[in-house]
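Shared between the two complexes below is chain A, which pairs with chain B and chain C, respectively.
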Partner chain A sequence: MAVLEVRGLTTVYKTQNGDALALDCLDLDLDKGEMLGLIGESGCGKTTAGYSILRSIKYPGVILQGTVRLAGTDLAQLSEAELRKHLWKEIAMIPQCAMNALNPSHKINSQIFEAIEVHEPKTPKNEIQARIDTLLNSVGLNSRWKDSYPHKLSGGMKQRVVIAMALACNPKIIIADEATTGLDVLVQAQIMALLKKIQIEHDLGILLISHDLAMVSQVCERIGIMYAGSLVELGSTDRILENALHPYTKALLTSQVSLHGIHKIVKPIEGIVPSLTEKFIGCKFRDRCKHRRELCGIEMPKLEEIERGHWCACHFSRELGDVIHG
Partner chain B sequence: MLRFYTGKITQYLILLFLASTLNFALPRLMPGDPLLYVVGEDVTLMSSEEKEAMRTKMGLNRPLMTQYFAYMGEILQGDLGYSYRENKPVTDVIAKRLPWTILLSILNILISTILGIVAGALAAWRRGTKIDLGLGTLMIFLRSMPSFWVGMILVAIFGANLKWLPVYGAYSMWSDYTGLAYTLDILKHLILPLTTMVILSVTSIFITMRYSMINILGEDYITMAELKGVPQKRVKYKHAMRNALVPVVTVVMMNVGYMVGGATVVETVFAYPGTGRLLFEAVSNRDYPLIQGCFFVITLCVIGANIIADLMYPLLDPKVV
Partner chain C sequence: MADAPLLTVAKVRKTFRQKLRWSERKLGDDYKNVFAVDDVSFALERGETLGIIGESGCGKSTTARILVGLVRPDSGSIIFQGKEILGNRASDVAAYRKEVQIVFQDPYEYLNPRMRLKDIICEPLVINGNIQDNRKTAIAEELLDHVGLNPPNEYLNRFTHELSGGQRQRVAIARALALRPKLLIADEPTSMLDVSVRAGILNLLRSLILEHRMSMIFITHDIATAGYMCDRIAVMYKGRIIEIGKRDEVINTPQHPYTKALVQVCDNLQGFISEREHYILDGEVDSFEQGGHCCFAPGCVCRDGECHCQDQGSQELIEVSPEHFVACAHCH
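After this line comes the complex of A and B, so read on.
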């Protein structure tokens, strides 16, 4: 059974023009020791998904329905205080732009210390200190940095500190939201390698939220593609790269530049994402889809298992893709 | 760290030097007979021999540079000139009044800062609720009232109608209170002018604090602290408060200048014997050496407040040093 089970998670943002449906019935499983990439363009609900799973979304974001089961416990049934006990101990987050995730007026040490202290009040102080040293070393930082203020550290170092902080209470799951935004490509690669390393060492489940398909496909076993608040395709990285079923995924793949293989023309996806505040009937991608038919405007396609472990939300995915049966 | 402080102190020494130079230049740049500024309008009644004798006595016949160095020497010795109106050295006149203004100002800074910070933080934490709206409306209302008017209304209500509090001076004249009774008497006299000043100062601190706190609450590290499972209260006080206070310190210290100089109106309304009222008297009497002395002391207070602010920043924001 999966450690993290998300079922029908729906989140809206209250706006003056009505509710914006940012997350539409998200179903997701994450296993121990698995790295799942969540891909999509800006505003498709990736970050909303992350915060909604943690039930920590702030107003005007409101979770309408859905369950999040973490090792069997439904987070929705917990009180605020109980939820706080689970956060970080069971499930930690590396927020978007981790460089701003450190309090500028507190030393690194006190910020990691706090995370451990809150959840394990009985652990002796010197033991926590020793653990902080180990944590910093494990993310490739010299432990002497713990006595510094965040502004003394470079972007990559801050990112490492935030990863160390996420590991502080030995969580089962880490949600990494755009963990490498704002870092240069070299440092990005280092951080991704580090994430992969700790994932294997700690047998962690990592939900990697990103817009960079190329980067995610290098480290993740499975990939989920999001479009306008819905998961449109979910499957193993290999199958999605070889045989994308959803027209959006296909378009996404042809819109990326590849360093390898034959030179091909990069095709942008025509059109724009529909407004999230409008009530939508049918497939959300149909206005931009080459393969649209009458049915697409009438019925919203559901996420279906087309081939083993490969899910897609398109009425015609069986026809469009090169489906392996059995 | 040491370099930061020595750098700051050097800056302020230069500032002090420039301020005193300006203070020296100002009366000499003004049109007319400098004697007019020293002795006042009585100068028209003096004969030319008397004027000449006065000039020699004042050293106004000496070359400008000699006058300048003499002036700087006097400043260093704490000599700000002689008030012919009061017939006393300016330093003595100001020294007698300064403690009252300092008492009023320090209490005002303490009370308005604490009130402003508490109310501002509360409004930010309860953003959009009735508490926020109520506090905001109250502060805008208070801010739009002129100080002399607030003072007069307070005098009318608590002094004239209810007769609860004294409205004149800093202590009861013709009484010989001692010890506790004397302290209570001073406090009673302090309430109305202090309230007026707090009403004036608290609004800007409230507005700055509220805005700053709202900004800080939107920062990623606050979300991070919440995600870490840190209890709400601790997030607010330990993570948000300290960072939100930095701009407030600036506003408070900028207010100090206003308080020492701007107490003029309040002190005049309540006939409070501080430097503000002294400045008003000096202007009414055209007592130029005294006016100049008051300005110089106000300058010193503003510079002093800035030094305190600069020394406080590193305690709040580690990035400063």
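After this line comes the complex of A and C, so read on.
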């Protein structure tokens, strides 16, 4: 059962050259207790997707249409005040650059305290304090750190604090936007291990937004791949790695250096991402695609279920991939 | 001297003085020493690529900057083609600088936005005084073509803001090649680029190295990229080289606990997560104090009393197999 259902979510950024279509009809389901990775290059709309789901896009970003159903309620229809009740309590976010997400002039303790107090005004103060200690411990930090200011903490520790804050009100879903970018490799691994642990312990749904396919493919059950504002492929990690259907995913896989394949030549993806402000007819990837045909310039491919649980937006995915029928 | 290495770096040290916060100062002592590069030694053969990997702040970029002369080390020696560079006459150093060129990390930052590409690329030649104005276009065209910016005449008069990140990095490589250096230093040349573009830059560097018979020092934080690019890999941690050896040996049979953890994270994150305690202590380790002890000891799972002792021996590089050196008291 999907806890989070996103349908037709479309977001544009108003620019001098017209509207830039940053998110184009996103359809996405996030199941209970599942970790879903959202992958793409910079500018492909993955962060916009995260913020649009939470409806916290600021001008010049404007959400044009779409529904976001969270356990039955449509977030898109709620008023600001009602929405605020759902954020943090049911769906929380670990923002990009979490290192800068903490207020430098408040101690860690008061920042987490505030978040809990606003959402659960009836909880007694000493109970909140006790909960902060448990939270910090559960993310692998000694609770003595709660009395320090953020500048005393290293990058990885700040990241842990931000994760603790996201967990403060026991949400069902966490959107982690590039949660480990900018951290050192081993710290990254420790933070991923922490997220995985939390996911299992709290039965959380995590939407992991990242550009690192190698990392995401090792921790996520399912992966969605975005290109120029659209989701082009969605499926279980194993199937995508074994049998990518979309030409973009295939190209992305062969452009990665992996530790097993250091003797294999990697191939870049030629060409550039099309401008988002252009009105686009047909497939957005066609200019860089080896398999393009006439149809690609005429009709925009829709995300279709090609094999069980494996979706792809390409006219020719059935021919190109090794599809399992039934 | 056919067998002498192209470059020999011996016991290079650089300490930065960091101003302490008001609250951390002691009487009469406003600074603390940060050992950015601490006793680093290695040799580089002709035509060889050496990868230096490590986390941020481990001193890999400082090492690169020392090698091109942007940072003056406190002590140590750098011998290039049989000549000592440090503390030598200015004319020798100038000759050395022609032979060693660098490509930096962030292509959005270090190319002058007010210069046209042809001027950027020819600037090293102008500085070294061996170019006439009318030859500029031809040389720039050849170099642009060389780094895959085609057709070159379209790019000659552009400014950097008209280029994507990958193209900028190609311009930087063209500029570095202008003087036909013997040694190219690439300081995380792909870390600011998108995944789909990275492969192009990596392949370009690989083919240029072969074509020009250059040596390269390739600095990165990603062990897989280092494996793809390099013949040998050196792993740095807190200013020291803790493991150095042939690529396949370092990747297939890592010896130092830190290298083991790096390989495991890259190879099998799932496995690392489930058996993390075998590789690294949980929690954060953040100490930059310097003692005689092993710099990795505070976070190491196989540490014992020996790792913390003040004996210099516990941190020296020891040969575990031919040309594979490790600085760990437990690896031999």
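As a working rule, the second predicted complex is superposed on the first by the 324 of 326 C-alpha atoms of A that agree within 3 Å, B and C clash if a C-alpha of one lies under 4 Å from a C-alpha of the other, contacts with A are read in each partner's own complex, and residues count from 1 in each chain.
We take it that contacts are C-beta pairs under 8 Å (C-beta built on N, C-alpha and C of every residue); 3 or more make two chains touch, one makes a residue touch a chain.
What you see is a predicted model, and the numbers here were worked out from it, not measured in a lab.
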item: Fit-or-clash call for chain B and chain C when the two complexes are aligned on chain A; value: fit
item: Chain B versus chain C as contact partner of A:Asn103, first or second or both or neither; value: first
item: First (chain B), second (chain C), both or neither touched by A:Lys32; value: neither
item: Touching partner for A:Tyr149 - first (chain B), second (chain C), both, neither; value: first
item: Chain B versus chain C as contact partner of A:Arg318, first or second or both or neither; value: neither
item: Chain B versus chain C as contact partner of A:Ser56, first or second or both or neither; value: first
item: Angle at the Cα centre of chain A, taken between the Cα centres of chain B and chain C once the superposition is applied, in steps of 10 degrees; value: 70
item: Of chain C and chain B, partner touching more chain A residues; value: C
item: Touching partner for A:Trp88 - first (chain B), second (chain C), both, neither; value: first
item: Which of chain B and chain C A:Val257 touches, first, second, both or neither; value: second
item: Minimum Cα separation, chain C to chain B, after superposition on A (Å); value: 5
item: Sites on chain A touched by chain C in the complex; value: 41-42, 140-142, 154, 156-157, 184-190, 192-193, 196, 211, 213-215, 218-219, 251-252, 255-260, 262, 265-269, 272
item: Chain C residues within the chain A interface of the complex; value: 55-56, 164, 194-203, 221-225, 227-228, 247, 251, 258, 261-263, 265-270, 272-273, 276, 280, 282-284, 286
item: Touching residues on chain B, where the partner in the complex is chain A; value: 219-221, 223-231, 238-239, 242-243, 316-319
item: Residue numbers on chain A that touch chain B, as the complex places them; value: 54, 56, 58, 84-89, 92-93, 95-98, 100-106, 114-115, 118-119, 149, 151, 162, 165
